[in-house]
Amino acid sequence: MQVEAFEGEEMILNMGPQHPSTHGVLRLELQTDGEVVQKITPHIGYLHRCFEKHAENVDYPGVIPYTDRMDYIASMNNSLGYALAVEKLMGIEVNDRVKALRVIVAELNRIASHLLSIGTYAMDIGAFTPFLHCFREREKILDLFEWTCGARLLYNYNWVGGLSHDIPEGFVDKTRQFMAEFEPVIAEQNELLSFNKIFIERTAGVGILGEELAISYNVTGPNLRGSGVSWDLRKADPYCGYETYDFNVPVGQGKFGPLGSCWDRYYVRVREMEESLKILRQALDRLPDGDVQEKVPKKVKPPKGEVYGRTETPRGELGYYIVSDGSPNPFRVKIKSPCFTALAVLPVISKGEMVADIIAVIGSIDIVMGELDR
Amino acid sequence: MKTAPEILQVLQAQFPEKILKSEMGVLDPWARVEAGSIVEVCSFMKSDLNLSFDTLACLSGVDFKGLKGETERLEVVYHLFSMKQRHKFVLKVELPRDNPSIGTVEGIWAIANWHEREAFDMFGIRFEGHSDLRRILCPDDWEGYPLRKDYEQPETYRGMPVRPVKQFVEMANEGLPVGTNPFKA
Amino acid sequence: MEALLKLLSDNVAGYGSLASPLQYLLPMVLASLCCIALVALFPIVAVYAERKVAAHMQDRLGPMRVGGWHGWAQTIADGIKLLLKEDIIPSEADRVLFKLAPLVVFAGGFASLVVLPFGASVIVSDLNIGVLYVVAISSLGVVGIIMAGWASNNKYALFGGMRAAAQIVSYEIPAVMAILTVVIPVGSLSTQEIVRAQEGGWLGIGNWFIFKPVTAVAFLVYYLASLAEVNRTPFDIPEAESELVAGYHTEYSGMRFAFFMLAEYVNMFVVSAIGATLFLGGWNSPVFGGPVAFMLKSVALVFVQFWLRWTLPRLRVDQLMYVSWKVLLPASFVLVILAGALAVR
Amino acid sequence: MKEYFRDIFQSIWTVLLGMKITWKHLFTRACTMQYPDQRWVLPERSRMRLFNKIEDCIGCGQCVRACPVDCIYMTTEKRTKDEAPVFASDGTPIKLRVTQFDIDMSLCCYCNLCTYPCPTHCLVMTPEYEFAVYSKQDFLYRFAKDKPVAPPKPAHHTPVPEPAK
C-alpha cells in the first residue's frame, strides 16, 4: 500500500469500500486532479470468503450452495455452470426436460439479473424511479422461483445430474403471464431511461472499451458484446440445448457516440432481456416430459480428471476449473469470474474521466462483488 | 479452428524440447511446458496466425500435495482461447513447492496481471517480471498462502481472532444456558 | 408588516402613542414568527408530500404507519428523531465553521421570505428593490454550503462544496436575466408592483407573464436555473448521493443535518414562490385571490420540482456548466433584448 | 447550430416523455404489501426454518454429513438390547438414541441439502419465516429429548466449523 509521491494539485480520493455506488465493497483509490481522475487503483477482496478453499472441504453437491452465494444476483446461472462442469466430468447426460427447465430458470434469472443491473445503473446515474420499476418486475421472477424451489435468492436448484424439484403445477401459465406483463415494461423503461437525453449524455461516450482491449482483458458477456463483438457462449459453445433455440445475440452499435461506451453495454442488457423472453417462450412451448431427478447420482464421485466448464451467465463467461482426485470432495475448484476480468479493465477504460463518470463506468460493467472476491 | 492434436503438433514443431508431456484424450486436452519457456511459448501461441490465442480464459494454480500417485508440486494451468479461430488449449507448468517462480505472461494477455496476482496471493507463486505483484484478495500483510494444501489458518490477524471464538454448540456442550427448543410447546 | 402596524394602531388603544421603535417592534416580531412557522411547517408537509409523490410514482405506498392515516406523522417523527440524535462533529473538522454552516444556509432561505407577496397586503416588507433583495440574499446559501464542505474536512464534502459554488454562481446569471425580462416591462423591482402589473386581462389570467411570448420562455429559463440553485435533480450534483455520498452535508448528522434539509425545502419554496410571483400572477386569481392562490401556485411549482426529481437522471458537472453557459445564458440574453425592444416600442 | 437546437429539443422532449410515464404511475396501483397487516402465504416448498420431528429421527447422521456449513450437531448412543424397541412413524426401527440433535440456525445457509437424504423425512424446512429472537444464542435449536444413558461417547460426527483448513 504505497502512496506514490506526486506533486501539484492532485488529491487521493478513497472511494469505497463503503460507498453508495461501488456495488458492494469495492474500494477504488482515485488520484484526482479536481474532478478529473488521473489514476485508479482498485482494491478488492473485502468480500473474500475463501470459496475455493471451502469447495475443497465439502462434497460435490455441497459446493452448490456456495456457488449460489458467489453471484447472488444470478444464482441459477452459477450453479448451472457448476452442475454442467461436474456432469461433464462424470459423463452424465441429463434428459430433455431437465435441459429445458434449466434453460427456463437460467433465462428467468438472466432477466432478473439484468433488471437489477439496469435498475442500479439508473440509480448510479441519479434516476431513482426506474430502479424501483425494475425491482417490481424482478420480484415477480423471484416469486416464481420461490414457488419452484423454495428460495428467493439462493436456490440450490441445479443439482449434479438434475434439479432439486420439478416445476409446480401452473408454473408455465404463471410464467407466460409474467412475460406478458413484462414485455411492455421494457418499452416503458426505454422511454423513461434508455433514450432520455440526460442519460445518453451521461453514458454515451464514457468508458470506451475497444474490441482489442476487451479481448486482451478477456472481458466477456454483455460488456464484450457492448464493444461490438458477437460472442455469446450460448451460441458459440452451446450447452443445455441452447443451439436448438432461435435467438439473436445483441451487440453494441455505437448508436450514440463511439462503440463500446457505457450506453452500449447498458443497452445490450436491455435487448438481452428481450432475447431471453424469446428463448423462454420457445422453451415453455416445447417443455418435454420426464423425471428431473432421473440421473442424479446417489453419491457424486467423479473419476480422476479435470475439466474446465464455462457457461454464459448474465455477467459473462463463468468458468469452473475442477480437478478431481476421485474422492467425494473436489481436489481443486477454481472460478474464472467474469466480474474479475471486467473490473481489471476498469482502470484502463476510465482513466482521465471525471469522478461522476467512474460511477457510470462501474455501473456499466455490472460487477457483483460476491463473485469477484469469491 | 484447429483441434487440440493439431495445435499440439504446431507446438511440438516449434518447440521440440519444451513440450514435456501432453494428453489429448481427456476432456480438456493439455500440454505440459517447461517452466522456463512459458513466456516464449505463450507469445508464440498468441502471435502465430494459425493459432492466434488472443485471450487467456483462466489462469489457475493447483497444489498437488497429499495426492496418491502424484509428485508433490505446484502447477500453473493456462486455459487459452482464441476468439478469432475459436479453438482452445490448455498449457500446464510444473513448479517446485518451495520457492516457485515463473515468468509472467502479463505482457501477452493483459488480464494475466490480475490472475497472476491471485495465484501469487493464494499459492505464493512468484511471477518474475510482473509489474505489480501484490496480494489481491487477502490483505497485504496476510501470512501464508491459503490455497496450499498444508496451509494453517492463523489464530489471529492483527490481534483480531480469525475464527469465531466459540460456536454456540460448544458453549451448550459445556453446560452454558445456550439454545432452546422453540417447538416444544 | 405595514398592514399589521395599521391594524394594531387602529384597534389597540394607545398603541400609536408608543415610542416609534416600539411600535415597529411588535409587528416585526409577529411577522418573523409567522415566517418561522411557515419555515418550520412547510418542510414537514413538503417532505411528507415528496415521499408520497415519489412512492406513488414508483408504485409504492411510502410511509404508512406513523400516525395512522397514511403515515401522516412520519416527518414529525423523523424531525423528533433528528433532534434526539447524537450531535457528531468530526474531530478534525473546523468546529466554528462546521457549526455555523447550517445556520448560514438556513438564514439565506429564511430571509428571502421577507419580500414574498402572499397577498395584496400580506407581505412582511414590500421593499422597492424586492427582487434584487431575493437574488442577493438567496446567494447567502452558497456561502454556507462552501463553509460546510470545507469545515467537514472530508473530501467528498469538499467536492460537494466546490460543485455547489460553481453551480450556484453560474446559474444565478440566467436566473437574474430571466427575472429582468419581467422587471423591464413592469419597470419596478418591487414584488407587489410586479404582481399588480399582472392583474386583469383575459379571464383574469391574461396578464400573467407566463402567457406572454417572451416571458413564457423566460419562465422556463428561470425555472431551470432555479432548480439548479436549489440543487434539485437533474442539477443535484452537489449532493449527488451516488457519487459524493451526500455531498457537502456528508459529515452532518442530527439537528445540523435537519437544518440543511429545512433550508433545502425552504429554498425550494422560495424559488417557486418567486416564480409564481413573477410569472404566474402572484396572488392574482380569477376565482379567489390572496394568499391561498399564491400558495397553490407555489406548491404547484414545488410539485413539478418533485416530479422532475423522480423522473430524471442527474447531469455531470461539465454538462451542467454547458447547460448554464451555452444554453440558458444565451437564451436569457436574447430574451432580455427582446423584452427591452418590446418595452421601448 | 442545427445540432445545438436539436439537442435542446430532444432534451426537452425526452424529459416530457419521462414525466408522462411517471405521471401515469402516480395513479397506478402500488404493489406494496403492508407486511404486519397483510401477510404473505408462502408456497409450501419455501425453505425457511428447520424443524426436526425428533420422535422419528433414527440418528443416521446423513443430514450431518450433507450439511455444507456443518451447522447440525448430533450425538447418538446405541440402545441396549433389553430396551423396548422404538419405531418411527413410518415403521423404521430406531436403533440409536439421539442424545443431542442441535441445529445452529444462525449458521444455517437454508440450502435444504440436509432434508433430502433423511430416510424418515423427519427433518424438514418449514415455510415459517418469522422466527427472530432477542438473543442470537437462541438460534441454537436443541431438539433432542433423550438424556444419555451410557457414559458419553465421542460424537457421531462432531464438526468444529473450520472455514479454511
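As written, the chain order gives the labels A, B, C and D, with residue 1 at the start of each chain.
As a convention for this text, a contact is a pair of C-beta atoms (placed from the backbone, for glycine too) under 8 Å apart; a residue touches a chain by one contact, two chains touch by 3 or more.
The structure displayed is predicted, hence computed values, not measured ones.
The most central chain, judged by the distance from its Cα centroid to the centroid of all protein Cα atoms shown, is A. Centre-to-centre spacing of chain A and chain C amounts to 45 Å, using the average Cα coordinate of each chain. We define each chain's centre as the mean of its Cα atoms; on that basis chain C and chain D are separated by 53 Å. Spacing of chain B relative to chain D, judged by their CA centroids, is 34 angstrom. The geometric centre of chain B is 61 Å away from that of chain C, both derived from CA atoms.
Under the contact definition stated at the top, the residues of chain A that touch 2 or more other chains are 50, 53, 129, 133, 136, 192-193, 196, 198.
Multi-chain contact residues of chain C (touching two or more other chains): 57-60, 310-312. Counting partners per residue, chain D has 15, 18, 21-22, 25, 31, 162-165 as the residues that reach two or more other chains. Pairs of chains in mutual contact: A-B, A-C, A-D, B-D, C-D. Those residues of chain C that touch chain D in the shared complex are 53, 55-61, 64, 307-308, 310-312, 327.
Listed in rising order, the residues of chain C touching chain A in the complex are 54, 57-60, 155-156, 159, 233-234, 236-237, 240-245, 310-319. Those residues of chain B whose C-beta lies close enough to touch chain A in the complex are 26-28, 54-58, 60-63, 67, 77, 79, 83, 86, 90, 109-111, 113-114, 122, 135-140, 146-147.
Contact residues on chain B toward chain D in their complex (touch as defined above): 146, 151, 153, 163-164, 167-173, 178-183. By the touch criterion given at the top, residues 11, 13-14, 19-21, 35, 122-129, 132-133, 136, 192-193, 196, 198-199, 201-202, 354-357, 359 of chain A touch chain C in their complex.
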